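Heads up, the next two complexes both have subunit A, just with different partners, subunit B and then subunit C.
So, the complex of A and B:
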């Protein structure tokens, strides 16, 4: 034990003497953990939110009836439907304010709830309590915490009312409070009013039709695709995870570089310790203890960093998930114990990976061996061969994944293989370049310059590999995002041709508005759209994927402007005839449809066979879409939603039309937006989607700069013995530092050069494989040479910044230190 | 007697499964208790008694179609109160659960529906008698419940039956005060055992005309079981010749079963049977829905010289509702022949 403690103290003293090295190691591990755990926290948060969304009593999992004109309806309709044999359950939803925050109050009737929901309600005595009086207000534990209230509390709502005693329900979404329907009617001041009827069981075939019972007052809304959310967003999260892993690997490069150096420099200490009698066992334990301690320290710091990163990125991610998929995320980051455990675990694993080779080398050290790497040229040759073999293996793996794999995961594996292979292979061209330089060099100093650079290559290669990864990711992701931005903006311009888009509150409103608009001279065209959905149950198209069908009238707005990827001659004419459809790219890929294929669309009036006459891009859409003629759609879906409109008007009169519409119809217009605002909103969603990617991308670059800095700093200290003879031979410290600077810049420049083709390959992989597999659309592949210049400059700047401090130190090194090289045996 | 599990059915259907049959012995906080000597008044007492905790209206029918094939039909409405009062709107403490079933020799289909009182989804009115929940209903024009119509609709079956009877109602126990244990538990309990049935019954959309006999029970109480009573076996029998017989035994885990019964002669005169007059003896056990149930019985009533064996039309007549129970048509033979229904709970 004593031996172990002494060994540990001796080993640890190294860090006291070299705080810079310790910092690099610590930062490397911490950064690796931070980026990884940050991404993990974001993913966890999103998954939890989906679970909550699905678990919010499962109210969204049942189809329901809502007022056709929106808003509330009388409770008598519930009774009438029940008495007619419709198994419906009443819901009243509204908002209440508790303190300074709003909460969603949901009134339910537990006896008639659909099974999926009633299974989540309290049972036994707790159900009696829920029914009251006074009843209970069910809320998630987070909600109670946010309110600062304990179970049983009865917070005040406004002046007169109070919530029933609060009770905890684990399944509820934060911000949701569930009470009995009667309590909800009282608290929301809506006596005998309801907002929704859940359909607990599909009505029997011989049950009276909805309209026969309650007229046109209610319309059916299909169940949410909430359970699909996790599936739809999977690719998004896989993207994030891939980035997290990349950052983790880059962080490990730093840690590995620092560890390697620390072990190298501590060889004399270890030799001495062994020589004075420290057992190998004690040393092993000491080294492992040191490693664990370091990993734990760095791990905790990394977790804090990860939390901060996640907290900073959460709003963007929440916004883009909501924009893309309609998935709502909890605003506050919740940290599960599993997150902590896995984060610290990753730090430990990282530390072991980073330290493994150094550790093994140290422990195998013969006691009397001279602790200095000699014959480096031979050793380096072996090292290069090994790198080349590993690189070839990684590239082979990438190719195999690409050829054999199908899914998104395979796309990522191929990408990882490509990156790793290229990074491992990087020293090969660098070494070749240096050898060539060495052969061509004339003067002794130049010859030395190349030979010395070659010798430094193994020490720097990890840092350079990290730089390569960061640079090529930067180029790849940059090209993808920029290419997507251009395509998207162009597509929006073509797709959003109409000047005004609005949604009527009900079909009655829609008719009134249409008549009114037809009389206005400043409205050039009224284009009513019609939307239907294939039901999951009946869908012969695809069971697990929602498909939306949009009906549009034949009009020049579409035939002249609507962007298509592929089309048959007179596609719009065929669509107008009612037996043809345009299909979104995503859906076409999923169903393997092409021009001329036929598709049977299940409709309430039987299957509808259409020919595919065009493919169009539908960027950002989570659902598959078909576009057909409006009249043809209405004849097959009599109940289709007929509330959406596009208006053509002169751009300058659009604001007047919008104002007039709103003042004339008020709440009859549920939503209205002009072209500019709609484009703006779409672009915002786009930007936020890639904000997370861009942030991680930038962070990776920062990490690689740190890696380079750490490697250079540690190398600089080790290089004094190599530089001392040159100095003694008359090369000034200034010239020496200049040479050092040139060398680092040269390395960086060479790495940047390699990173361009690699980045392009990556971009192609992202655009043509990952994106298609993740989202179902393929983007045009753009190259942006200006970006390469940027990246080149960035590489040089990174290298220069990283080299600055070590070179300044070299320029100012005391001659005594250089002289000491000759005095010390080392 | 049947339906005693009502609170359970309610508890099971929506409330706790854990309460168990013993829950019926719980203290009846503030609820009214049946009193001996109380006179039942009709049609008033056909209606609901919200001051009592539990109540049920129960109809079972033994039917035959035109080809002579046998069927059983069940219609039950349970009322359960959380507090001893009525009320309008969602604040009403009354809740309802209804069960309907159709049985053949090879099929047993059942359905369940639930409702809160006070809002119009379910309710019971006395005069004219009308009990309803969703689109299930039971209504009658006469004070003896004749001129009745009963209907239920479920995903795989539906029936509409017209019910008529000339005989008066039969009051069980002491003029309708029916004891359930030695320690004083009791209920108000009367029947109409003489319904003639004429109606239509559809299974999987295939409709047939049916005729036969039906038995109606109405019972209410607040605390009908003693704490040690865990379940019961109950018989209602239409004997050939026109008489009717009701028998039950409440099983206790501490004492001998509490046995009771009524004999109703063909003219409608009801007489309570002495406890030592009734012998109920299981003959054969069978696995039904994962439980071992006595599905064949020997039934003896010494004073009637009655010694018969009861056999179910379908031994799997199990109501797999929240808390399951056996409810199915039976045929009896031996000293007397006849048909009826058997209910078994708490197994």
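So, the complex of A and C:
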């Protein structure tokens, strides 16, 4: 124990002399842990929110009955089923707008709710308040905070209605407001209508069958059949996890480089300790204890950093998930004990991975051999060959995953293999370049420059690998996002051609508005849309994925502008005839539909067989979509929603039309939006969707800059003996500093060059494989040479910044320090 | 006196160090390169021996073998009654910690510890730290005013004095010194050696010292020369 403690104290005293190295090591581990645990906190938070949302009122946990044709059904069916002995509870769901945000309004009947749901409802006096007039609107504390309202407030919905007094219900998910069913029917303008019946208890064996009571109007949806947010958003979280892992690996590169150098620099101390009698066992325990202590300290710091990162990114991620999937997240970050344990565990694992090779090499080298200068680096040189073999294995793995794998995970494996393989192989082309330079060099100083750079390569290679990963990720993700931005903007321009979009509050309002619009000369065209929904398992739609069917009238607005990926000749004519449909890319991939395929759409009036005559992109949509002729849809789906309109008008008269519409019909217009605002909103959602990705991308680059800085700083201390002979031979300190600067920028430039093809391969993997498997749509592959130049400049800037301090120190080094090299020469 | 008779005398008188038939060769490009060929050596407690020879004659190798820092091909090394060549790594470390003091030409101080901590390091590892003895050593070595400094702030002579003090702090039975004055000028080297011998005598330690210098060797009780892998007095 005594030996162990003194050995530990002696080894740890090294850090006091090299605080910069300790900082690099600490920061490397802390950053790795921070980025990983930050992403883990975001993922945990999202999953908790989904569970919360699914568990709230047990709406997703209980089987239910829904309209076979989608949409709403009459309340009489509930009464008929209750009378027949079915323990069902009515639910009406809809969306209301409070201020500038939408909320999910759920109407319930608390006395008949299933146990899992009724347990979350108020009891006693509060239940009486809920049921009796004016009723209560239950909401989570976060919802009240978001609304800026206190309990008892009665916010206005539109112009005419108000919510009942607000009351807090802790268990509800944010964004959900629960009222009595009667109140919901009034507020949503759905008198005597329901959206589903929760099955509180399975019907008794002697109860009449569903069909015997209400015919084919309702169908049963099992609890697990409902599309789950967690499943929908899995891809997004996998994406985030991959980023977190990448940042973790880059952080470990820093830690590994720092550990390696620390072991090298402490070899004399270890040798001395061994020579004066410290046993190998005591030294081993001391090194492991030091490592553990460091990992714990850095782990805790990393966890705090992770929490801050997660807190900073949570609003963007919430916006991403809302934009992509309509999923709502809790606004406040909660941290589970498992998050702490896994974070500290990752720090410990990271420390072991980063230090293992150095530790093993240190302990296995004989006492006398470790006193040899640069023994560790010599060993590193042999490691390069093994590294090349590992690189080949990683690249083979990537190719195998690409060719043989199918799922999203295989896409990520191929990406990870590609990145890892390329990073491990990086020192080989760099060494070849330097050898070539050395052979071609004529002057003695140039020859020394290349030879010396070659000798420095093993010490810098880890930092350069980290830089390569960061730069290529920057290029890859940047290409994908920029490509997507351009495609998306173009797609919006084509898709949002109409000047005005509005939604009527009811079908009666819709008719009134339509008649009024037809009389206006400044309205060029009124394009009524109608929408229906199906999730039914049918002959062709073998999926529980929600599918929306949109009916649009035949019009030049669509045939001339609507963006299509693939189309048959006269596709719009076929659609107008009522026997053809256009299908969204996501749905086409999911159902393996192509041009000429036929699809049976289940409708309330029987199956509708349509031919697929076109595929269109529907970026960011969480649902599958089919577009058909409006009249054809209405004839088969009498109950379809007929509230949405597109209006064509001259751009300059659009504001007048909108103003007139609102003043004429007031609450009869549920929502009105002009094209410019819609584009703006869509682009905002898009930008926020990729905000998390961009933030992680930038953080990875920062981490790699720290890696380079740490390596250069620690190497700088060992540079003096190599530079002193040149100084003695007449090369000025300024020239030596300049050469050092050129050396670092040369490494960075070469790494940036390698990062371009690697980044493009990554972009292709993201666009053509990962994105398609995750989201169901494929983006065109764009190349942005200006972005490469940016990355190249960024690499040089990173290297220059990282090299600045060590080079400044070298330029100002006192001649006495250089002379000391000769004084201590052996 | 021949080496064999010295060994016999030492054995009779209870030798502290006894080396018999020690051989060691290194692997070279043309096959094994023998350095030591059956070396015999004995050293009684409290005595000193200078080990001389040309560069590459195996002096340092012999010292490293005695210190348990390297493995012999054959032969035996006994220190007190302990067979060094049969000890495992932990055993050899314990021997160095408790029985030996080693002084190298390159000082090998721990740069991140102060002079005071460097002086105490081995004694602490051995569990024999004696503050008064450390202070006495520091005083005698002229280091009392430098205890809070770091090695890099000292001259070469001062650093070697710290190394000597560190080796003597646990009161070793045998002090092994590998050209301890090789890095110092003649006057400083002389002074350091005088101190080393004086303090070793005070501590009751035997001294085995490798040196090139006949002048320095003359200060020790006996001299032996390694040539062709064999030892001659």
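FYI, the second predicted complex is superposed on the first by the 639 of 826 C-alpha atoms of A that agree within 3 Å, B and C clash if a C-alpha of one lies under 4 Å from a C-alpha of the other, contacts with A are read in each partner's own complex, and residues count from 1 in each chain.
In the analysis below, contacts are C-beta pairs under 8 Å (C-beta built on N, C-alpha and C of every residue); 3 or more make two chains touch, one makes a residue touch a chain.
Just so it is clear, the structure is predicted and the values come from calculations on it, not from any experiment.
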| item | value |
| --- | --- |
| First, second, both or neither for A:281, with subunit B first and subunit C second | second |
| First (subunit B), second (subunit C), both or neither touched by A:10 | second |
| Partner chain(s) touched by A:363 [first = subunit B, second = subunit C, both, neither] | neither |
| Touching both subunit C and subunit B, counted on subunit A across the two superposed complexes | none |
| Sites on subunit C touched by subunit A in the complex | 64, 67, 69-70, 89-90, 93-98, 100, 102, 104, 106, 108-113, 117, 121-122, 124-127, 150, 156, 166-167 |
| Subunit B contact footprint on subunit A (complex, rising order) | 75-76, 78-79, 82-85, 87, 109-112, 118, 123-125, 127-128, 131-133, 180-183, 185, 192, 201, 204, 206 |
| Subunit B residues touching subunit A - in the complex, by the definition given at the top | 11, 13-19, 82, 89-91, 93, 95, 113-116, 119-121, 132, 134-135, 153, 155, 205 |
| Touch list for subunit A against partner subunit C, complex | 2-3, 6-7, 10, 13-17, 268-269, 271-281, 366-368, 823, 826 |
